[in-house]
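Note that chain A is present in both complexes that follow, paired respectively with chain B and with chain C.
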Partner chain A sequence: MSESTRERVFKKLTHAVDLGDEELAAEGANEALAEEVPPYDAIIHGLAEGMKLVGDKYERKEYFLPDMLLSADAMYAGLNILTPHIPKDASRSKGKIILGVVEGDVHDIGKNIVKVMLTASGYEVIDLGRDVPTPEFIEKAKSEGAQVIAMSTLMTPTLMSMQDVEQSLDKEGMKGKVRTIIGGGSVSEEWRERIGSDAYGKDATEAVSKIKTLIDTIIATAESMKEEDGSS
Partner chain B sequence: MNAFDRLTAILKGNRRDIDRLPAMSSVGTYTLDSMEALDAHWPDAHRNPEKMARLAAGLSMLAGLDNITVPFDLTLEAEAFGAPVDFFEGQVKWPTVKEFIADDASDLRIPGDLLSAGRIPTVLKALGILREEYGGEIPVIAYVNAPFTSIGSYLVEPSEFLKWIKRAPEKITQLCNEMYPRYAEVANAFVEAGADIITFREEGASLDSISPRHFDDLIKPYLKKMVALTRAPRIIHICGQCVSGDLELITGMMECGAEAITIGETTSMRAAKEIADRVKSGYPIGGNVSAYNVIHNGPVERIRDHVRVAIEEGADMVALGCDFWLETPTAHVKAFVEAVKEFGKSPYGR
Partner chain C sequence: MEAAQALGVDISTLCAGKGTCGKCKIRVMGEATTRLERTESEMKHLSEDEVQAGIRLACLTRLGESTVIYVPLRSRVGSQRLQTEGLDVPVEPSPLVRKYRVTMPKPQLQDSRADEDRLLAALTEQYGLPELGVDFDVYRNLPVTLREADWEATAVVWGNRIIALEPGDTSDRCYGLAVDVGTTKIAGFLLDLRSGAVVGVAARMNPQIPFGEDIMSRVTRVMMGGWDAVNELQGAVISGVNEIIEECCEKADVKPEEIYELNFVGNTVMQLLFLGVWPRHVAFAPYTPAGRRGVDVKASTLGLRANPGANAHHLPVIGGFVGADNVAVVLASKMLESDEMVMAIDVGTNTEIDLGNKDLVMADSCASGPAFEGMEIKFGMRATTGSIEKISIDPDTFDVYYRTIGDASPIGICGSGLVDAPAEFLKTGLIMPRGNFVTEMTERTDRLRKGLNGWEFVIAWKKETEIDTDIVITLGDIRELQKAKGAIHTGADLLMQRMGVTDESISKLVVAGAFGNYIDPENARIIGMYPEIPLERIEFAGNLAGTGARMTLMSAEMREYAEEISSKVKYYELAADKDFQKEYINSLYFPHADLTKYPETVELLRRFGQKI
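== the complex of A and B ==
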């Protein structure tokens, strides 16, 4: 496989996501497999690059929600073909995230976009869907050993459900062990501060970068603790 | 001058005739405090007309708010068209649909007698009570969740609906074409029962979600037709971004033909007024004080500042950007009303 083949396949995948063209994304993914482009590279440099481009265009109001949704579909069309071909070690998850729209709210468009971008960035996402009861976030985080709980809501009345999750984590003594991030139409940095969540992502792109920071911090802390253990 | 005459004058374009600007909400007027004070809690107040009327008027009674609004939720029409709704018994939560029932227009079972479907009779009775009690003194607003948002958020799976904008706009056109007369029917029933003003809520149509071109193609035509059919003064409300850089929806909203529009805090009042004045000088715009960040959070001094700024930037009605936040202290609503009385004196309060 030549460098130009790689580039051509990456470009095709990026373009397919940008256009929100599922068929083109599938075609690009199959081409990647046929040309023996490593599937993980095709995801990161092709599909994820496309999603980043789309995120930027959304930010600049060149694209709107319908464009984002179609791009997410194209992204999945490519992912579904490429993911099964990733060798085990390369697909090692970078971290586990519990994701959901909080209780009382059924608006899950933003949440789904975050899911696509997290998956594309190599994280394992446990998606609880929408209108998720508070205890379910806590139980899943426990049983899955997740590092992060990510919650979203579009509407203001359901902001309170986010506070419920934070308080339950506190009660369970899980605060600080499991990090939280919140986002969605009615959510703000101010609200994050008020309920004591660990991070706020104003859009999908920021959510992904902040989750990365949260998980990196957890890993760094764990490693430094290991080192201390070793020296004592 | 009473609150009814004041708001009526503004909606007739006679802002010069008023003594001061109104302190109002073109959408929800309820809080936990008023549920408590008037013994009209959710979910009962969604289904019991006496409680609905009491709660709707609560903030006028307790804090001097210049209007009364029914109903209290966004699923009323969807429920009447067959969507199952969860009221969260024993809790105070916004009702929400349990499932999305429609893939296209043929899935909707429009009841023969729409006005006895779901909770529409409750709202009609509540409006009768409110007219009896406050008619001609405090304006009674009834809001109707407009078709694009109501169908696209509560009847059809929202992601699918939004994708149709690009992939199958004809499906949206067909749904809206078939449904808008029914939404207008609800609006007119509200008017006959006692509503002085109809607010069409089209929250799903802001620049946060859709482009101005799609607003013009898929939303404006139906809003325009509904406005034309509705036999009372009308307000169009969009709480999301209506102005962003070079993009704006203000002109399009005005072209729908309502007497006024109301906007939220994510739209600059100054920018909105500038655009409006170019299209039709003096066209009334209400807004854009944040329900959560300002009115709920306070403190009183900050509420006063935000009211003053909204008035300085040209607000013709000092209104909340969205429904009152449930936990808002009544003292903050009072502070809001007092600040409008202080800074909103005629002429123009500027």
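== the complex of A and C ==
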């Protein structure tokens, strides 16, 4: 497999996601397998690159929700073909994220887009859906050993449910161990500060970059603790 | 000109078609341009450029064959903008409050009946009334009132109770107030309860706005502030209503004490905040209201300025997001009495949609947002003087014709203009159905440009405006409008799908709401705000909730009917529909992702030369 083959396949996948063309994405994914491009690379440098492009265009308003969802479909089409071929030990999940719309709210289009972007970026996403009771966030985070809880709401009164989750984490002594990020129509940086959440993502693109920072911090903290343990 | 009149297009003319005023300029499209001869008098009114562009005077142009004519906005007759109170639907007056002038014999040693018995007996004798109850406040003063009145008094009867007793004969003065308590605006109507005539109208911004622009942020305020916040919010809205009472009374020369009955409509959250009920649960899935039925409470308990015995009624609600205002809309539109299918859309920040006939009416609600009220739009504004309310774009030159309220220099764009803009963009090929600007069009017009915050189109150049800057529509604005119209369409479409109703079977579409009166029905349809229903079946009804509030103030039967509506109309929860997301996404397109739903619009766009 030559470098140019790799590049060609990546470009095709990126282009397919950008266009929202499911068939082209599937074609590109099959080509990657045929040309023995490592499926994980095809996802990261092909599909995810496409989603990044789409996310940027969405931010500039050049793409809108329908475009976003078409691209998501294309990405999943490629992902479904490539994922089964990733060797078990090499399924380098970058981190595990619990995602859901908080208790009392059922608006989930935004959350679904965040899910797509996170999946595209190589994270393992456990989607709890909408109107998720506070205890479920906590229990799932525990049982799955997730690093991040990501919560969304469009409505204002349900902002309080985010506060409930933060308080429960505190009670359970999980604060700091599990990081939180909030987003959605009614959410703001001020609200994040008020309820003591770890991050706020104003849109799907920002959510992904902030989650990356959160997880990097967790890893760095863990490593520095290991070092301290070693030196003492 | 005659052809235009026959088609129902009003072209302005001052000279009655003599070819002298030059107000009726039209553009003849396509090849026919060159084949139609101009007369001398016509040439006077046309510049060289206009002749080149195929401009004619409508009154002097004879059409020999099927021809496409473009009528610029400036040549159209604009309907005068009125502060509308909503359609007037007359009802037979049968108010819940009635006045009875009554005389009683003075007590004597031979006739020492109790004052109360004396009054009730006289009412039975003189009016055949059954034995009534007496409000405690009336009862306490009864001995004094009757004696001071020298045994001639007027009893104010609500239902089967005497709620007030006035000395002498006041039977010719009996008033009631109907109020539409909107999230943003409160509108009050003072009615003479004997005739049903509206004697005073007043409106205020809802004083709750500082506590939160939308109902949800007000509920949040309550959740953070507890019962103090409930009282604060209730106090705010009551003070707003009291101001309306004062203004109406002053206009009509009526004393607040002469108001004996008040009737309120509003969405379910406003109902709770008006009555002072804990509102949290209506804001959380599954959005349950506190009570569905209508509520009667003494106006004085709520702190309303009216007769101390006056009754305040809040009409029943339907569900968490379909309130008493919608009961009033269903009532006033008479859809539950109709043999044919009727659809009603009450456009607001939350848009309620009703569909049905005498057999079944279903209602849903969608969060259409405040875009059509001018919010979240770069140059958006409310419909006041200086707002652009009508926009038309020349398909060849891309010149923009607009009209402002009060003919003032423009300062922004209001809802009806915000409906026109995307429709005109679509017709002239400036945007694609998915809402993006066709960037190649920069070659044909400098109005389309990439601004600091992305793509935008200039509606009014800086030199024309009052605000020293170009008034533009941005790509971000178009996205907001797509979301708003998409939500409304989704609400309408899913109701139709679930009830198995097609466009053709809808006999009437009633568009209500503050800006409903002024929007261009065809442009609203081109952008896909509602299904493609024949234009002649679309009716604009203005503040129909206010109409319903007046009807249920004037008539006890109508009030009973409101209870029936509340229990009969079936609430449909859009959020629970499995196709919601899919339909919403499809509805974001102009007019829709599935163009087979809009054959007429597609044909129109093709006529304009758009490849769709």
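As a working rule, the second predicted complex is superposed on the first by the 231 of 232 C-alpha atoms of A that agree within 3 Å, B and C clash if a C-alpha of one lies under 4 Å from a C-alpha of the other, contacts with A are read in each partner's own complex, and residues count from 1 in each chain.
Simple rule for what comes next: contacts are C-beta pairs under 8 Å (C-beta built on N, C-alpha and C of every residue); 3 or more make two chains touch, one makes a residue touch a chain.
Computed from a prediction, not measured in an experiment: that's the story for all the values here.
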Partner chain(s) touched by A:S188 [first = chain B, second = chain C, both, neither]: first
Contacts of A:M155 with chain B and chain C, given as first, second, both or neither: both
First (chain B), second (chain C), both or neither touched by A:G20: first
Where chain A meets both chain C and chain B, residue numbers: 61, 64-67, 69, 103-109, 112, 131, 155-160, 186
Of all residues in chain B, those that touch chain A in their complex: 88, 93-94, 96-97, 153, 158-159, 162-163, 165-167, 207-211, 214, 240, 244-245, 247, 291-293, 297, 322-323, 325-326
In the complex with chain C, residue positions of chain A that touch it: 60-62, 64-67, 69, 103-109, 112, 131, 154-160, 186
In the complex with chain A, residue positions of chain C that touch it: 212, 214, 216-217, 219-220, 223-224, 280, 283-285, 367, 434-436, 454-455, 474-476, 479, 482, 575-576, 581, 584-586, 588-589, 593
Chain B contact footprint on chain A (complex, rising order): 20, 61, 64-67, 69-70, 73, 103-109, 112, 131, 155-160, 185-186, 188, 190
